[in-house]
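Letters A, B, C and D mark the chains as written, and numbering starts fresh at 1 in each.
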Amino acid sequence: MKKPRVGIFGFTGCAGDQLMILNLEDELLDLVGALDIKSFTMASSLVEDDEYDVAFVEGSITTPKQKEKLEQIRNKSKLLVAIGDCAAWGGVQASCNGIVSVSKKMVEVYGSRNVWEIYESKPLSAYVKVDFVLPGCPIEKEEFLRAATSLLHGDIPEAVDYPVCVECKLRENGCVLLEGRLCLGPITPGGCKARCPSLGVDCIGCRGVIDGESRIKSAIEVFKEAGFEKDYVKKRLRMFAANYPEILEVK
Amino acid sequence: MAKADLPKLFRTLAKYGPVVAPVRVGENVVFREVTSLEEVELEYTRSLTPPKKLFLGPQEEILKFDGEKYEEVFEDGKAVLFGVHACDINGLLKLDEIYLDSPQDEYYARRRENVMIVGMSCVPDERCFCTSTGSSYAYGGFDLFLHDIGREYVVRVRTERGYEFTKDGYFKRMEEKDFLAFKKAEEKKVRSIKRKVDLAGIGDLIDVTPKSLWEELTAKCLACGSCNLVCPTCQCYDVLDVLELDIRSGSRIRRWDSCMLKRHALVAGGGNFRPTVVERTANRLSCKVGGEIRCVGCGRCTVYCPAKIDLVEMLERIRVGA
Amino acid sequence: MNELIPKPVKILKVKDQTPIEKLFTLGVKLGQKPGQFIEMSIAGVGEAPVSICSSPTRGNVEVCVRRVGRVTNALHRLGAGARVGVRGPYGNGFPLEKMRGSEVVLVAGGIGMAPVRAVLQYLLDKKKEYGEIKLLYGIRDYSMMLFKDEILKLMNSKACTVYLSYEKEDEVCKRLRKEYPERVCQGVVTKLFEMVKLNPEAHAVVCGPPVMFWFVFKEMRNRGFPIERLYMTLERRMKCGIGKCKHCVVGVGSMMKYVCKDGPVFSGVEALTMRGMKYVR
Amino acid sequence: MRVEIDPLARVEGEGGIEVEMEGNQVRDVKFNIFEGPRFFESFIKGMWYDKVPDVMRRICAICTCSHSMASIKAMEDALGVRVSKQTELLRDLLIHGEMIESHALHVYALALPDFLGFPSVIHMAKKYPKEVKGALQLKKAGNLVHNILTGREVHGMNERIGGFSTIPSENELEEIRKAMEMTREFAILAVKLFSSFELPDAARSENTFIALNPGKRFGYYGKEHVASDGGRWDVHDYRKHIKEKTVKHSRAKHSSYKGKPFMVGALARLALFGNKLEGEAKRLYQKHKEKLDLQNSISNNLAQAIELVHSVDRCIQDVDELLSRGIDKRDFAEVKPRAGSGTASVEAPRGVLIHSYRLDGKGRVVWADVITPTAMNAANVDKDFRVAAPRLVNTKELERTLEMIARAYDPCISCSTHLVVVRRI
């Protein structure tokens, strides 16, 4: 069997998802042995411009050049997998989308509005077709490994479409929300084994939302009844999924 | 049996196998393996997840495959499940109806066989309504049951296996006054359970409840599934295969599932028979109290619902129709 | 015996049916009742319930599978010689014993032709025990017709009367309509009822996508067909096939049933009185 | 003619080098960042104090703990939170763990392939199995510290303003010690490897260093910045000394100290505080002091290797101290919002990192400033390029050497919150 040709690319983000792949210390050598890695800028200076069976793409798109490059990758790849919250939802850098314009941000940080032509941080799917999304900030390495084996086997991996609460209960955690902290677990897709609540920390929603399923309005109502300030709720919802239409609309 | 002799009983039980008992972890009580009686929370209201987890694991491997054949994975082991309340024992009896029905679920059946159950009287709170579901008392489904009557326990024996443990000298024969004390303690417990819900014919009322009321009842529901995952009688499980890097071998895993989740009634092509929380809640309630009563009144789904949706309140509103 | 452990079974033959459906002949005989299904495993991908589309009178089990998701895609990649896991047969199957001596009307749409074929084969093989057989089959166009050779052959035969409806006209459909103007028409499957005389003494078997089912149901009821003599299969998500995992329950309120063990075959009355059957895309 | 190295591989983020030449004259050299900027300092405004570290640690994946600690400490500074000795020890353990993870990745996986002539560490695996295994093991040991203390390898959640949400158990700390003891040899091996290479010296030029004064013992926390020319100031006064200005040719912000570029990072730390090292790291430092050419930025790799040894040993010491004190499972300082401002600086693997915030009465950010080590180093990289390019102009080595220089700084471009170099051709 021919090894699948794989490219791993990064756009605007923290490189954390590529790093998570490198963090598969025990499996890395087997994994790269099973794949024909054609491009992995973070780890290798060998860049083969090629066709890819699978392209894993990290980061959000913020410049015209990135958009162009993403389109090139798309054209050369059979499957395009978005890895990480930036690629899936736009990342933390999108948290003020629709509130503070890019040029204002530019002025605030660089003191001038036209330093660069820049887009509002958007997920990859705003520009190209995305075949599969591995969410998370950063991705879960086990989930990546499982997705990679599925792809190797020829299947599209199975996406997680249930909330963090499920994993919390499977791990027998108490409910952080009921204990008085604003936890986004009920609207955030699981897959992280409820990392934060398991440590007693509220979920900040680093895996985005469950598209078409997360009950944003109900959650806002529940948070309000629990006594959280409106502005606080809004800021929290916007942290990782500001581009989700229902959250973008929250006043 | 005198309360002071409980450590003795605990030690003899421990000879049967590892003891799993309620333990306090932060604000919650969970069933964990313990090595001494000191770790055990003897007086508790309800555990976070029900003790059914010993028989139907939250997440368990059921088989392995290697590209050629499928092999069962089953860890054989005896254990003692200590300190189970009547509601949860009744919950297990409800699960028995499903999982021991032919063809029986081998994993469940064998564990049910292997695990000895020691019941214990409970400390009800205002969310318990087991008297309405007929599950405040366990008529069977355990080996031993310890009823707290003050300074002593009345021990009910239900199996020969349980009987073996009551042969030691510190077990006394029941006398008339013990029967009276036992009866009084049970009456007191029943009286202390204030919460009541009328379930007669509720299934048909669920059936005719208009969508508008469902929408109101479920407005805050987050579709998070917690209510199902803490329920002692929820039986649903999901299955997934995990493949190794050699893309030949791997294992099949099943884990608790919830009918409040999107995928529960989703079929190929994206069709969903229960697309919103309305249909899902109607299904959940039907399943619990629609036909035969499968709710044991433990109150968990209410206590652990992040949206504080109250099952009993819902049922009451369904009864009055508004 | 552990019911959840599949048995490895060899695929003996794979035959393309349509661009998205293939017929698999498996190296196993199960003595199933028509209408029963098996749980098929592709190790590492998962399990899926599929109806057995062959009659026990014909030997090896055959399944006709549409490529729609993970498991079915993986299955479609396999060829003769590969192994799959099989559990079953499960489900109640059609009450063929009740139908003995009477006329049987088979109505199929899309992949619903798969379980119907099992019934058809059975009836044909036991022709003496049953009355007249009518098959009403609705397809999108010829390319989407399942069991093409068999159906075309039957159209010529006396053993059973085949009615065919198609939505899009192509060369073959046009030819068939010319050849059998009284049995072939353009339109959805319900249109065929204009050509068929329904015998209220008959039994009916209806299989197809949920939308089609309800239209057929209404049409037949309006034409005076007794719905208690109508049988249909329901399709739901399923994980265990044996009444444990409860994904497949239907009905709301006091009547809940498992599709896997109380079904997948239900009578028209059961279907009519059951709520929560709505299918939303 | 224009030489472009695009993209610059094996750095964390996306960048490139551009050299413009006219005949044999180098007209311009630029260290480019094409990665889209993310405007952390802008969009963090309005965020409530409790989640500021959760956002800010996402500036960078490799030094996520440094950002985490810098933002947490700045918040604690603003809110007047004092943490316990146990928390301080756990934080020390954490930053040393991060140093191991980051340096192991950089030294072994990103820089070593240059010296051994491979495109990547993965390609090295056949010929140098021991080194590659060592790299992975070291990285894993560092990640273990992350996992246990923060909850995962990248972007943890357990380290909070006020302390740690869940305190690690004795067993987990023992596990860290074991991992450190097992991988120590690979830290030492790194020093051996990097002290044996001949370094390209094309960029040799005067370097000014700035680092955080760690106090009595070598380490990565402190309250005072020290410069190699004798300058020193409280971290709160950083803006008086470290200037950010817009450079005409690139419209980028470059940092300068007394009007000149400066260098931060492992080399700067050893140059200024190497004498505070202890044990094996001290011995190795003294042994290779000659080799550690302070005027050649590429020496940074060797400095990192020495720090690896220090960090491994320090993790073991921290674990021992924590265990001997006994673990307090409920240790967490009280945190209450209030108006105020706070600043903190830590030594990230790449050098001095500064976070500074002003909060309103509800504890919401009204102003934020982050200066990352990569931003501070950018001007120095430019300086090195300007020195090296003319010396190499007609050799085949030009591109490779420039890349090696840039890479020696271990630039983490994603963390350059506001390091923008616009390409103008």
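Following the convention adopted for this analysis, contacts are C-beta pairs under 8 Å (C-beta built on N, C-alpha and C of every residue); 3 or more make two chains touch, one makes a residue touch a chain.
These figures come from a predicted structure and were not determined experimentally.
Closest to the middle of the protein, by Cα centroid, lies chain A.
Per-pair tallies of C-beta contacts place A-D first.
One finds 42 Å separating the Cα centroids of subunit A and subunit C. Inter-chain centre distance (subunit B to subunit C, centres taken as mean C-alpha positions): 39 Å. Taking each chain's centre as the mean of its C-alpha atoms, subunit B lies 52 Å from subunit D. Rounded to a whole number, the gap between the C-alpha centres of subunit A and subunit B is 37 angstrom.
Across the assembly, subunit C contributes 44-45 as residues in contact with two or more other chains. Subunit A has residues 149-150, 153, 158, 200 in contact with two or more other chains.
For subunit D, residues touching at least two other chains: there are none. Inter-chain contacts occur between A-B, A-C, A-D, B-C.
Per the touch definition, subunit A reaches subunit B in the complex via residues 27, 30-31, 34, 145-146, 148-150, 152-153, 158, 161-163, 165-166, 168-172, 174-175, 177-179, 183, 185-187, 200, 210, 213, 215, 218-219, 221-222, 225. The residues of subunit B lying in touch with subunit C in their complex are 62-63, 65, 67-72, 98-99, 101, 103-107, 203-208, 235-243, 247-248, 250, 254, 257, 259, 263-275, 279, 282-283, 286-287, 290-291.
Taken together, the subunit D residues at the contact with subunit A in this complex read 7, 9-14, 34-43, 45-48, 51, 54-55, 58-62, 64, 105, 109-110, 113, 119-123, 125, 132, 136-137, 139-140, 143, 151-155, 157-158, 160, 165-166, 246, 251, 253, 362, 403, 412, 414-415, 417-418, 420, 422.
Residues 1-8, 41, 43-47, 68-69, 72, 83, 85, 210, 235-237, 239-240, 242-247, 249-256, 275-281 of subunit C touch subunit B in their complex. The residues of subunit A lying in touch with subunit D in their complex are 10-20, 22-23, 25-26, 28-29, 32, 37, 40-47, 60-63, 65-66, 91-93, 95-96, 100, 102, 104-106, 108-112, 115-116, 118-119, 121, 137-138, 141, 195-196, 199-201, 204, 206, 229, 231-232, 235-236, 239.
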